[in-house]
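Common to both upcoming complexes is chain A, partnered first by chain B, then by chain C.
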Partner chain A sequence: MPVSIATAREISRLCDEPSWLLESRVQASDLFDKLPIEKSSLYTRQTDLRGINLLDFDPLGIVSERSFKAESESTTTASGNCITILAGKVTEQHLSQQLVNNGVFFGDLYSSLAQQPNLIKPVLVDKAIAPDDDKFAAYNQAFYNSALVLHVPKGLVVNDPFRIRYFMDDSEKAVVSRIFVVAEPESQMTLLLEEYSKSSTPASNSLYSNSVELHVGEGARIWFQELQNTDERTIVLTNRKCRCRRDSHVSWTIGYMGGAYTKSRIDSDLLGEGSTSEEMEVVFGTREQKFDLNSNVTHVAPHTKSEIISRGVLRDTARTIFKGMLRIGKDARGADSFLAEHAMLLNPQARADSIPALEIATNEVKASHSASVAQIEEEQIFYLMSRGIPENEAEKLIILAFLEPAVRRIPVEEVKTALVDLVEKKWTSNTNSLPEENTRMK
Partner chain B sequence: MAIREILSDDSSKYDFKDSTDTYVYRGKKGLSIEIVEEISRRKNEPEWLTKFRLQSYAHFLKRPMPNWGGNLSRVDFDEIYYYAKPSDKAEKTWEEVPENIRNTFDRLGIPEAEKKFLAGVGAQYESEVVYHSLAKDLEEKGVLFLDPDTALREHPDIFRKYFATIIPPEDNKFAALNSAVFSGGSFIYVPKGVKVEMPLQAYFRINAQNIGQFERTLIIADEGSEVHYIEGCTAPVYSSESLHSAVVELIAMKGAHLRYTTIQNWSKDVYNLVTKRAYAYENANVEWIDANIGSSLTMKYPSIYLLGRGAKAETISVAYAGRGQHQDAGAKMVHLAPDTTSRITSKSVSKDGGRTSYRGQLHVGKGASNVKSYVRCDALLLDEESKTDTYPYIEVGEDSATITHEATVGKIGEDQIFYLMSRGLTEVDAFNMIVMGFLEPFTKELPMVYAVEMNRLLQLEMEGAIG
Partner chain C sequence: MTSYLQIQDLHVSVEGKQILKGLDLNIQQGEIHALMGPNGSGKSTLANTLMGHPRYMIEKGNILLNGESLLDLSADKRARKGLFLAFQYPVTVSGLSVSSFLRNAYNAVRQNGQGEKKKPPSYLEFKRVLNEKLKLLEMDETFINRYLNEGFSGGEKKRAEILQLAMLKPSIAILDETDSGLDIDALRVVADGINKLAGKELGIAIITHYQRILRYIQPHHVHVMVDGRIVRSGGSELARDLEEKGYGWIKENK
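Moving on to the complex of A and B:
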């Protein structure tokens, strides 16, 4: 049965949602039907979704197969603060007693709504990721079958990272997930998000749609770290947004390794004076992978600062398009913004496009961007080989060196190591197998 | 003219209106099949061209308005005169040009410039070319510098062979419009190996209110030849909009060197929607030097298709946007052959709420190996109301390409002003000097007289930059 508004209603019913949640699913479903694939006339020509029909994937099966509430309340013997979701089902959930005592919430949306309705309902009603602005956001908000909340109270600094792991398995299924993070003023946290595949029938595709909202209170800091390492049959659609209040900071790190087709969008809204955001993106595309990566920073308040560093390496017939947009609004005097999109092509059939755009509406600012596309230099390989390094190894070294300016800036050491590890593994094996213990972020 | 004298000129020089009573012909407002046919009939055109115009008109009607770029909602195609003929024919000597038109161009300094350093001049007034001259020695070498009507009459084969081959009417709505109603412009053919050392110039003037100017320029530089073409544009200030929509096609054959310079200084109620494209064959070199100072809205992205091995392309573009102006300009480089290189330098200045946008495209096609391209866009915002956007599209489908793009946006640093003032400059002079310095990559490419003119125009625009 193809996905329709009835699917949204059925998911809502199975999850026993209140009517206002059902209503917003219905609205989103309607918007999903109406919106064009790309709303911005800047990118219309660059967006290519041929051969992908979101309606072919079933977001309902996952919900009907489980008892949503019961599952999510179960905890296992896992240590650390983690939630693991296998095919849409929570299989592991753990939060240290100390954090529970400190008032941290880390669990599914429905429990959160039951426990702290005044906290999370306004966030949902607010729709930081506007469903009328993006067809894929509308899809996500109509058909989500998994939703998590992380709430850290005021002034609490959590040093141990929170981990969320997704494992995709059943083909033709859609894992449609939402994550809401609320960082109260002066709190600090690290969130690690990992995505892997475990396909039982590797002949067919699956869909992974995820949205992440970071609500960053005054003076709060969030380090959001994501490694996307699904198999090369998964369609990956992600929308992430942070809303930064005064003097807050968000650091995004995203490693794009897996996925057949990845469409990713990150919006950083710097709403409070002195807020800052930084974004490191690392892409390693091989074979027929396609990556469509869109990063937008909007400087609304004065003295805000942002930086985007994207580095991509593309082999075989892989393709990437970097769409970066820095907007500096009228009142954002003293804003400082930088965007860099650099790609390296390893084969004549690989392709990299960049659209690094600036829209600046006031003059007391610093804004610049740079973009480049280049090949691996024969001389560099020759030089390394002349030092006794085999060709394959030399190429790998050059690639890692090329990615280094982004990797070096990753603020969480274990993510840095895991990412380099993944690049090396992919270089060697060119497959995205299940993580072995040592590649998992620990 | 001494530089001091030029600098003391005032800007009202271009803002005068001539009477339109003496025009030989002026069509009705608005566009229809009849108007298109009328233009073609008055020009005595062969059937194929009439047909071409009508097909273009049909395409124009079908094609939606672009939904990107500037705000086009105030362009009213029904309020425009599409054809006006101020004089019966293009004269060869200055004295033969009707007196009132001659006075106009005298005031703009065209004959003076011609005497000084130009190899040839064409002057267009409304829809028709009123004056054309070419240095004798060039004529003897076989260089053609004509208006399109004459070119079609005297050299029908060359004209038809190349006309609309670079920019077909289907390219965009405004190219279709131009193809339907074009009149005037330049046709230049430079034979093999001929080097035209002095620039050729055309001057375009809109005089009447609500008039559309749709000139068509086709330049063919045959193998190993060299030519530099300069166009200038002015119009008096009216309160309602005029439309300028030109099509410019350039062909640089093997080893040819073709440079096209524009100094666009339309009055601030002109919509300037222009399609410019060049083909560069093996080892050819094409340069667009493009300054946009005037107009209400300019949408112009000169492009170069690098079709032959070793071709080189360069675009240097300067935009200035003051109050109420939007300069949406840029450049497009399409690399379709190996070992081709291109460079785009864009400099823009916005002031008093003006808006500049750089919109560029850099495309490296399959098989175009060893392409090198460099794009640099710098924007200067002189006050906090002004806006600037940069939209560079970079599409690379070849691993051997080396592409770099850089853009910066900034304001004039107080320390820079302070430093210059500490050397005895006034604040205004310091300000001007910094802006001129910022634009210097452009002005240094212009012939001396134009560079001076350009600086003067900018200084006039900048007046009052320091409150």
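Moving on to the complex of A and C:
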């Protein structure tokens, strides 16, 4: 049975949701029906969802198979602060006692609503990611079957990263997930998000939809690090948004390795004076993978600063589209915005398109962008080979070197290492497989 | 066994244009040869062809290392058999550090292609050798953290080539204009480096347009190349004659 508004109602019922949450789902479901695949006329031509029907995937099955909440927190064997979600089901959940005592919340949405309704309800009502942002946001908010909250109280600096891991299994299921992060003023945290596929037996496609909201209070800092490494039958749809208050900072790192078709959007809203965002994006596409990546930075307040560094390597017939939009509003004097999108093609059939755009409504700002698409250079390969390095290794070193301007900026050392590892493994195997335990981020 | 490189009646074309027109040359481990010739005579074409650059087409002739033809071998295999080329124009690879590049090359040449896979030397072992060579060539340790040839001065690029030569320990090295674009101090340092590496273990062909470097390095044999052929060979006195009389003299007396 294809998904419909009845599906949204049923998920809500099974999750025992209050009526205001159900209302949101219904509204989102309605928008999902109405919205076109691509809202922006800038990109209409580039968006290509042929052959993918979101209605074919079932977001309901995994809800009815289980209770929404973690089975039992005592089943956890994990160390560190982590939540593992296997086929939509929380299988591991751990938060150190010290952080619990410090008032940190890291768990599912319904527990959060029960424990601290005054905190999380306004966030949900506020809708930083609005259901009419695009069709995929609407889908996510109508049919989510998993939702997590991370809340770090005022002034608390958490050095150990919080980890969320998703393992998809390959059926016609839809894992539809939402993550809400609330960083109170002056707090600091690192969130590592990883997505993998559990099984590698060929089967039908699955869908992974996620939305991430970062609410960054005054002077707070969030390092959001994501490695997307699902298999090549997974449709990946993600919307992420940060709202940065005065003097806060968000650092996004996203490694795109997996997925059949990835549609990803990042919005950085710099609302408070002096707030900053940076985004390091690394793509390695092989075979028939497609990546449709959209980054928007909106400078609302004065003296805000942003940087986007995107590097993509495409092999075989893989394709990527980078859509970067820098908006500097009328009050954002002294804003400083930079966008660089560079791609390297390893095959004549691979393709990369770059569509950078600027909208500037005030003077006295700095804004620049650069974009390029290049082939791997024959002279570089010959140079490395002349030193005894076999051709395949030489190419690998050259693509890693090409990715380096983004990789070296990754602020978390283990993410940097894990990402390079994933690229190297994928280079050799040409496919995304479930990594052995030791190659995942620890 | 002494390694030797034989170049026999070599004819090479690039993009349909005939550049080398029947070139013969033998280089043995332990010998220093100077290969001189005016611009455009085909010196770099010879160097690139020896190393196996895919753009250079061999129309006729052969290249043998220790009696075995190299023609069917890719550049990496030639390198692993002990051939080295110091590039006239070393290639920049932004994002690849000198140390990571050297480590990969160092490990690769130790896989000599004879079938059995040798265990790569440990990082510490590699670092030890690298530091020793840096010292030998009077190079700063921080040099290896830079990206390969990116933003290098002319002198740094050529020194980096000699550093690679020192690390990879080939039996035959072709140095293509390792002296050009250097000021006199840089030239002295590079020449010192080459002298330190020369010896029984290494056969060298110094390709040069000028005579300058031969004041620092004494070649056993000098060859003059004009229009894709070696037109005259002799001892080091030939270099002196050239210096006095110029290439015109050779062309007139061919």
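Keep this in mind: the second predicted complex is superposed on the first by the 433 of 442 C-alpha atoms of A that agree within 3 Å, B and C clash if a C-alpha of one lies under 4 Å from a C-alpha of the other, contacts with A are read in each partner's own complex, and residues count from 1 in each chain.
Methods note: contacts are C-beta pairs under 8 Å (C-beta built on N, C-alpha and C of every residue); 3 or more make two chains touch, one makes a residue touch a chain.
Keep in mind that what you see is a predicted model, and the values were worked out from it rather than measured.
Novice: Taking the superposition on A as described, I'd like to know which of chain B and chain C A:S370 touches: first, second, both or neither.
Specialist: first
Novice: Once the shared chain is lined up, is A:L403 touching chain B (first), chain C (second), both, or neither of them?
Specialist: In the superposition, A:L403 touches chain C alone.
Novice: Once the structures are superposed on A, label A:I37 by its partner contacts, choosing first (chain B), second (chain C), both or neither.
Specialist: Neither: A:I37 stays clear of chain B and chain C.
Novice: Identify the partner contact of A:F382: answer first if only chain B is touched, second if only chain C is, both if each is, neither if none is.
Specialist: Once the two structures are laid over each other on A, A:F382 reaches chain C alone.
Novice: Of the partners chain B and chain C, which touch A:P390 in the superposed model: first, second, both, neither?
Specialist: Only chain C is touched by A:P390; chain B is not.
Novice: Would you mind listing the overlap between the chain B footprint and the chain C footprint on chain A?
Specialist: After superposing on chain A, no chain A residue contacts both chain B and chain C.
Novice: Report the residues of chain A in contact with chain C in the complex, numbered from low to high.
Specialist: 377-380, 382-391, 393-394, 397-398, 400-405
Novice: Quick check: in the complex, which residue numbers of chain A touch chain B?
Specialist: By the definition above, chain A touches chain B via 41-42, 46, 330, 333, 343, 345-348, 350-376.
Novice: Touching residues of chain C toward chain A in the complex: what are they?
Specialist: Contacts found on chain C: 51-55, 74-76, 78-80, 84-85, 87, 90-91, 93-96, 100-101, 104-105, 108-109, 111, 147-148, 164, 168.
Novice: In the complex of these two chains, what residues of chain B are touching chain A?
Specialist: On the chain B side, the touching residues are 67-68, 364, 366, 369, 379, 381-411.
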